[in-house]
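By written order: A, B, C and D. Residues from 1 in each chain.
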């Protein structure tokens, strides 16, 4: 049995009078792909934000690799090995694709701050090669010197994934990696997330698309109105009456 | 071929050649006299440094004139208290303005966007107001801080260095009188500092540090989630650019030992912002071009009068000559501010990337230059 | 004149020796033609040129732009007169005068102009341009003491004579005096000395004054002088409050005056500050007040007709001092007003007058020295006594390069006959009354040769 | 006590001016996202509306002053006085208040022309570019004014009847020394009326609702399918009008000159930021607060403890507010907060 990487214990978060998260408990074990599903407004993004330091929960604990993450600034959480991939691509639109990948690679090497104004970028061959390799992996190498702002939306999503991956995170948090994608692109992304290094990585995926969830997830947690109402294997979740009631019904209405 | 033009050595060679030959190419445009050439170099340096903050990180500071002022005052005090050798003054001024920038930057950088701008503006205006009035014992207020014959100059005295036969000693750089060569030594001195400053800026632009600053400008939130603590990066850029400003201020003093409070006024801060945008934000050469254009307008346009205009348009038949003089006259002499204002508007409306964009467009027209806009300084 | 004749021979010989020793004598063939004076190479020596260039450095932008424009008009007129054009203006009334109306030393006068922006840096930059690029042999102009002192310092370094324009701070010829700088305009000390007795006569000995002072060197200088002379009369100084330069709204400084028990308000402001603070003080009803049985009074120590226009009706009856006024009836003033009026259709301001006179004085000094070589021109100006330029018999004191002449105490005209008729001259305070010891404010002129 | 009361009045008066200028600035910023460095120039143009109107009213017969022979000096008598006698003189006397009628259409036209001709092309540009172009515009406007009116301040007195001081103290049974100029009291009331009118307009009209919605969330308003473009123009015209009116009424206090707008520019930005970018109520509150603080800081008692405090108080307050409460006094959470 592999060990627990991320443990969320009794996390509460309220906005004004609204309980976004109530007593959320969740354990992510090493090597698994864990999907968090739930209707809109269930608190999925809030939970993610509590993990990466964007929000601080009112109480409860978030422990990652044995370290308490609460109150830690986002950049340190990143270095602890928990990396988030954003739903809407948060790339560097004014920089070239290769630079977009070199930045996270540099973060991995240089830490949260390093002052090296006289080092030449031209001499950063190792970093550049790594970035180039990663671009090739995602089929983006042909655009490497284009501005990231100018490439297609799908390419931006792939770039976003590549940026997360190049940091070799211990845990990758994916926020709806296929939202708004055409079916064809979605399938490609699923393949990408399943294969190679990506496949072996511990991942938390927030996803709407049940097709994606059931293709990828080892375990699934269902979040509704701030509560985790069920956690289990895809089969268990499929058959859980509470889930059907709270989520799947609504899901069908959506479509 | 392309790579050749992008190598640091070639850029520096071309840049140095252009800067040092300024007395030759500035002659036909009537700018070949020491003071203006010095101003080109000094404000070029100021703008190059400012661009490290504004061009790379996108943080719009309205308070950089304060650092220039602090650098000037520090340099004059070094001349008064220590030695007439400007070397020490320049070093001290750069350090002190850096410290000053550290304090102001530390506070101001707790905010971003327009709030950051207003914070820096507030600090600079406070510095100016105080320097003009309450701090007169340190700054000599309205008159400005000058050196005097009876200043202590402890270091000079310690080593028994005196300048014979003059009431007020002149500044020198290890024995080379800054005023020698009819003032051209002062220009070459400033030019060499500019070249060094430009080289450092070039290195910064092309370093991982510079790339990270550009990334902050592009998407600061993402930088934090990518594992960077952005505030120390911003503070470093702020302090570096503050030190450039202080350095520029001290060069001003080295050439002309006087420091006045109005150097710190918000309009002076605004001027360097305008220089940078006018020339082209984030480009290496642009800010210097902007500085040269504004200083040229200030010094040359403001001096043109009817007589000179008439001479200038001598080539044309008389009616056209009169018409030309009539059209141009409101824009020069006492109306030189008008041409400055109009120029700002025209550049921003038609060339959002500043003069550098214009240059690039022209180059593209001739089929030279790059097809696609790539952020300057990406050495490949 | 006398002083000039006495130019110590020693000096001349000393300098010749030096030149010879330096071995630069051979550089100029002029040496043999023009005698010893021209031997020394000096900056912007016109040599064979048919023209000589003067640099007029006036504010063309900012708050003093109109004053600057008036100064420039005066300079252009002076150049015309020097070149023998126009009616000659004061050249005909100036005594003694060696001016012939053929330029200076036979060379036609041309000029270049610059914008000081009323900022030290900008003023020095434009002065340098005129010296370095346009070859100006003399710089003149300006509308503030900060600028005057900054440019004067520069001119000392460059070895170019500076004939100050409007500058009123004691420092210009006090602690910041320079060998190459000359001031025709009066200063705060003279304002105080001239105003004191008039104030005593008009308002009595038992007054208490409240000062509002522009918070910079000139303001302090002005405050100090007025305090010194009013306190000598027995006036009490209730308070002296510093106001920021360009405050705009002075209400928060004016209201405390109401309850202070003071019965005189002294506005040590100039230009826009003066216009605003005076306008607002009057709005606060200060002038209608009666304190301890005395009518409340406002004093503006340095009056400028040009700037006072901005205060409109509010200047009526307000006392102040001024360097010169177009309504003076002496021959020199009349000649100047006549040619200025004919040329531009309006009377000259005090700034215009001082600039015009300075230009003529410089030209005359060159003629007297027989050379443009600055040390000799300086010696000709030092101690030079003249008359017929307004303000009566005048002397350029050698020790501090300050002109001593009559000072005008004026009052805002209650019933002006025209838009120019804003000030009435109450008294022409004789020169003897405003003279002070040259060592009073310290300072060192520095060397003749740089 | 008197001193405190009167400084509060001073503060209200200053605050009234600050609030009026900042109101338009924050309106333009909140709705249009424009950082308008030409806003001070609009204030100045308003003041020059009073100058121009006064000049028109005082077109005069020139009677040559025969005592002056060296140049032509004239004593002037306005035609209005000749034709209409005392009534004419009264009109001339009331030039400044009357010039409001002149300023309203002029300022609205200037606002529309500015927005249509220039500002609207800059909605999507960076703040830095907006600053550069509007700063350039401000210089151009200033130079044009300087070309026609010179650099000296031009006196624009208040009507005779209100040019003196009101015995405020006596009225409230306090000290007789407590007097305050009528015109400044009028200015405070006038500012109150204009501020109220702007608020009422935004609160009770459909137009205002759209504008307020736009200030809350610019993107969604664009999706409502309303002709935003036209409304933006009107908003800018209102901003120009408010600045202009502030200028007209301020002209008896501060004789107008071409540079006066620039002197208010920095200050008005500070007011806007302290109040909260895009918050109208914040601008008004911050205007009055800074006005009063500035008045108190100028008191001798305060200055003797901290010299020079009156020169820096505004900036000091701005720094403290921005650090402690970055969204400004009344700025909404999350709006322009960083």
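Here, a residue touches a chain if its C-beta (ideal position, glycine included) is under 8 Å from a C-beta of that chain, and two chains touch if they have at least 3 such contacts.
Note that the structure is predicted; figures quoted are calculated from it, not measured.
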Chains touching both chain A and chain C: B
Chain whose averaged C-alpha position falls nearest the assembly-wide average: B
Pair sharing more residue contacts (C-beta pairs) when C-D is set against B-C: C-D
Cα-centroid distance, chain B relative to chain C, in whole angstrom: 34
Chain centre separation in whole Å, for chain B relative to chain A (CA means): 45
Where chain A and chain D are represented by their mean Cα positions, the distance between them in whole Å: 52
Multi-chain contact residues (two or more partners), chain D: 308, 311
Chain B residues counted as touching two or more neighbouring chains: 129, 133-134, 337
Residues of chain A touching at least two other chains: none
Touch-based graph of the chains, sorted into line, ring, star, complete or other: other
Set of all touching chain pairs, with the criterion as stated earlier: A-B, B-C, B-D, C-D
Contact footprint of chain C on chain D as seen in their complex: 2-3, 6-7, 9-11, 13-14, 17, 65, 67-68, 70-76, 146, 150-155, 157-158, 163-165, 175, 177, 179-181, 183-184, 252-255, 257, 259-260, 263-264, 294-295, 298-300, 303, 308, 310-311
Chain B to chain A touching residues, read off their complex: 8, 200, 203-204, 206-212, 214-215, 217-219, 221-230, 232-233, 236, 240, 372-375, 378-380
List of chain B residues in touch with chain D within their complex: 54, 60, 107, 110-115, 118-119, 121-123, 125-126, 129-130, 133-134, 266-267, 270, 273-274, 277-278, 281, 330, 335, 337-338, 340-345, 347-349, 352
Sites on chain D touched by chain B in the complex: 35, 118, 121, 125, 127-129, 131-133, 135-140, 142-144, 147, 262, 266, 269-270, 273, 277, 307-308, 311-312, 314-316, 318-319, 322-323, 326, 336, 338
Chain B-touching residues of chain A, taken from the complex the two chains share: 52, 73-76, 78-79, 83-84, 86, 90-96, 99, 102-104, 106-108, 110-122, 124, 127, 145-147, 163, 167
